[in-house]
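Scroll down for the structure; my scribbles are underneath it.
Labels for the chains are A, B, C and D, by order of writing; each one numbers its residues from 1.
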Amino acid sequence: MISKQMLNIESHIKIAEDTFEVVLPLPDEIELKPGQFVHIALKGHMLRRPVSVADVDKEANTFTIIFKIFGEGTLALSKYRAGESLDVILPCGSFYPIENINVNHALIVGGGIGVPPLYYLGKQLKEKGVKVTSVLGFQSGSQVFYEDKFRALGDTFVATNDGSYGHKGFVTDIIKDLNKPIDYYFSCGPTPMLQAVTKQLEKEKGYISLEERMGCGVGTCYACVIPLRENPKQSKKICKDGPVFYANEVILS
Amino acid sequence: MSLAVQLPGLELKNPVMPASGCFGFGKEYSQFYDLDKLGAIIVKAATGEARYGNPTPRVAETESGMLNAIGLQNPGVETIVKEELPFLRPFHTPVIANVAGSTVEEYVYVAKTLNKSDDISALELNISCPNVKEGGVQFGTDPELAKEVTYKVKEASDYPVYVKLSPNVSNITAMAKAVADAGADGLSMINTLTGMQINLKQRKPIIANQTGGLSGPAIKPIAIRMIYEVKQALDIPIIGMGGIMTAEDVLEFLLAGANAVAVGTANFQNPLACPEIIQQLPETLKKYGFRSVEEAIGKGHEG
Amino acid sequence: MSLAVQLPGLELKNPVMPASGCFGFGKEYSQFYDLDKLGAIIVKAATGEARYGNPTPRVAETESGMLNAIGLQNPGVETIVKEELPFLRPFHTPVIANVAGSTVEEYVYVAKTLNKSDDISALELNISCPNVKEGGVQFGTDPELAKEVTYKVKEASDYPVYVKLSPNVSNITAMAKAVADAGADGLSMINTLTGMQINLKQRKPIIANQTGGLSGPAIKPIAIRMIYEVKQALDIPIIGMGGIMTAEDVLEFLLAGANAVAVGTANFQNPLACPEIIQQLPETLKKYGFRSVEEAIGKGHEG
Amino acid sequence: MISKQMLNIESHIKIAEDTFEVVLPLPDEIELKPGQFVHIALKGHMLRRPVSVADVDKEANTFTIIFKIFGEGTLALSKYRAGESLDVILPCGSFYPIENINVNHALIVGGGIGVPPLYYLGKQLKEKGVKVTSVLGFQSGSQVFYEDKFRALGDTFVATNDGSYGHKGFVTDIIKDLNKPIDYYFSCGPTPMLQAVTKQLEKEKGYISLEERMGCGVGTCYACVIPLRENPKQSKKICKDGPVFYANEVILS
């Protein structure tokens, strides 16, 4: 059940250039699934900021978010400290439907701040016995995070735009050379990356996770719609029907 | 303490209702609280046919406010009557339907279609949406057109009609008079002010539609002024809105002359905004020496 | 990096100047910094005779903004020419005089009197002050009156005339066209939006004049939108203002189409606002890929 | 010379109901005289808040302000803590011209948050060898502050509106019964009190200190004017020509 909660920050650390990992308590009776996001209020800001769930620790009863400073809101979020409380709506949106699909070898493709939700996804896939191959793209080496954690899930390849770490280039350059049979891909990242990936893998089954500027974050305001491939006059709401969509369901633009 | 207010066609247990476009058709926020707590519910705009609305991005954040250019996206009045309004039936909260259109004929068609529904108690006639090329804003800035569409919709509907005024005018009282003359049962004010924000990196307006409607606390002083002016000039019930975040804001609107209020943008920041404001209201009224909501209405005009 | 901009009658070393009414006649802020740093200075409004202005309270604070109803208090144009403007003579910063009045004759008289002064470089014709019963706002909302007063003042003055537009209109482009047709050398936009705040304890408007002009970051999206629209329709220099607090705000106005900007309310919060913004400007322009101020003007229209 | 300074709060304590005393460092080369005020910026607020100088400690190089929670701004100010920094314009406005007048016995009349500036004034008067009698009015006993400090300056009488402390009633009730010859009075407090006091003492010479909502606080915006008795079409600025005026110079309304 979706609700608004005040959560005391358990830890708040920098994990890469401009990139922070925040651990929050998981409220009772709240279940967070891979692909879902939380919607965070920030003092002095009218609108909340959506941030994906990057991990859940069922033992410790906590969950993790990872964000990068992009503008005023994420800058404000970077200044919170452990012990302070955060006003969060959760859980928001749809999730990767891994319980309903049959998958043996999953390809994970993440770009920048699209990487975090895929970590939680990968972890759950691995727990289900799925083979996981991850391809992660970042702008440069200083921004790479969670590489080791992904390696613990399976083969992991990192690309950076400027070549300062891993392969120089895009995730698609790596995917091109991957000669492995996969049965599903899961991708999250900037729209141009998603366009390239869905094109490249158009014969495969896949799920993608999208971003859009949001008002309510819960489905009331129609701010975050995306047109459907089947009928571009119809749309779905990224905050409620998404952020996870079947790859060819929507028109990326 | 009595929070009740009486308006044409509306017996409100309290004066607080979500504003049109900021509450969908009620489903989502019903997950957060019991909608019975609300004084009323104004649902999202209905047009004759389904509309896709504007391209995205559709919203942006501003200082103490936000811009939106949804573009009246909605599934069309038929679908709303059939598939959306019935959800609100079990609640003991009157529903106000928001009527939009590009032509007088479309407005009339929407009103007539809504007339068939028993799930509503009043219409809010939206002649003030700034976000669609042909979305009614011309009706909201020209008194003659406003008069005409109000008259025709009144004729077509058995429900009381609250005309929602645009603040993007030099003379709000003239607009109010025009629609009152045409038979409006009440006014709803204000809609958003047309604004823009430019993305410095992309060197273009953030909102794909270029301009959007400015809402939130930034515009509250403009809303208060317009309601005060209209109240001074006219004797017609007013549903006030524009930047309400707290029970004190509600009282300010009541003092200015609003008989009830709607809360828009605040819902996005705090999904519990409406019930929290309603809960605070008795204490706030008491603090400032009022014994009921009715007592506070228009009291800012006597000092 | 070049911050210089050229406007009719104005060679500005940078595009940032204090807005009229928010800087007096320069003396006070000259205690805080060297006025030579400013691109120009727009001084307080001048009327034909001395005016006392409105009763107090004259200001109130709003969310991300403020209301003011000073009511054009000033010592009259003769005294301004004789006793106030000479103070600014030693500075290497052009001075723009703000011309106000209740009648066309008064505007013309003020312009003629200012014509005798060598201490100014341009006039800002204020047809948009919302805070005086007969203070020019009718000139600012009626295109025909705006045209007439602009034409007469142009005739009376040898200085370039920037007409300051009111945002309290439905169609800002029509107003801009009207004054451009009448020979305005430039536009200055926007003045304040009419607003009100009610004191809950006293149950009356806080501002003694009841309504006041809303300024500050709250209105920035409205200013940006209006400048963008006018720039799209007309080829006339624009001094942009409304809520500027930072160098990024300045860039947003330049992208929208302003050739220079004025900073009003920000001076009250930070007396060093203007010089700090000017100092930040080169870095900000660079950050967003511009090599000069001129290069950024109107660039928000190409995306 | 007036300037804008960032000052680190040295102490911030509650001294009466809703009333706080804040000690700030006195910047080099700044002189603060009795009657002057400082203009304080608060995060999240467009306009600054004027607060009088309540004391100056030349040894410690600090000055004191005292304020009462009245609305949002003073509430925000009450939440600052020692160590945090405050953005202050100072010195603002005019001062009690005690160096230019000949005074033997001064009557100080303060009401509520009009009391603070009079303490610093009284201290300087006493240093100059002037006899000081103080009459202080408060709403109720819980709001009384600095009584002992005033006693150290000379005879001190306290009135409370509700009679919960000292004399029940107004400062004017006390002044009425004061049978002492004074040569100057100095008063600060709410306008109705100032009206009553200036009326009651209209035969005496006196100075009063006024309040008005301010924009700039430095004399540029004409927000804070007060009409002159001599010619009500003319005015002075409370922030620059005031807040201290000769008692009969201005029209109180």
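FYI, a contact is a pair of C-beta atoms (placed from the backbone, for glycine too) under 8 Å apart; a residue touches a chain by one contact, two chains touch by 3 or more.
Since the structure is predicted, the reported quantities are computational estimates derived from the model, not experimental observations.
Peer 1: Suppose each chain is reduced to the average of its Cα coordinates; what separation in Å results between chain A and chain B?
Peer 2: That pair's centroid distance is 36 Å.
Peer 1: Between chain A and chain D, what's the gap in Å when you average each chain's C-alpha atoms?
Peer 2: Computed from C-alpha means, the inter-chain centre distance equals 58 Å.
Peer 1: Distance between chain B and chain D based on Cα centroids, please, to the nearest Å.
Peer 2: Each chain's C-alpha centroid was found; their separation is 47 Å.
Peer 1: What is the distance, in whole Å, between the centres of chain B and chain C, each centre taken as the mean of its C-alpha atoms?
Peer 2: 33
Peer 1: Got the chain A residues that touch at least 2 other chains?
Peer 2: None at all.
Peer 1: Note the residues in chain B that touch 2 or more other chains, in rising order.
Peer 2: Residues 62, 64-65 of chain B touch two or more partner chains.
Peer 1: Can you tell me, using the touch rule above, whether these chains form a line, ring, star, complete graph or other shape?
Peer 2: Contact pattern: an open line, chains touching in sequence.
Peer 1: Of all possible chain pairs, which ones touch?
Peer 2: Applying the touch criterion to every chain pair yields A-B, B-C, C-D.
Peer 1: Mind listing the chain C positions that touch chain D in their complex?
Peer 2: These residues of chain C touch chain D: 21-24, 27-29, 31-32, 44, 50, 52-53, 56-62, 64-66, 68, 70, 73, 206, 216, 265, 267-272.
Peer 1: Can you name the residues of chain A that touch chain B in the complex?
Peer 2: Those in contact with chain B are residues 1-4, 41, 45-48, 73, 89, 212-227, 233-235, 240.
Peer 1: Please output the residues of chain B touching chain C within their complex, sorted ascending.
Peer 2: 62-65, 67, 141, 168-171, 193-198, 200-205, 210-211, 214, 217-222, 224-225, 228-229, 243, 248, 251-252, 255-256, 288, 299-300, 302-303
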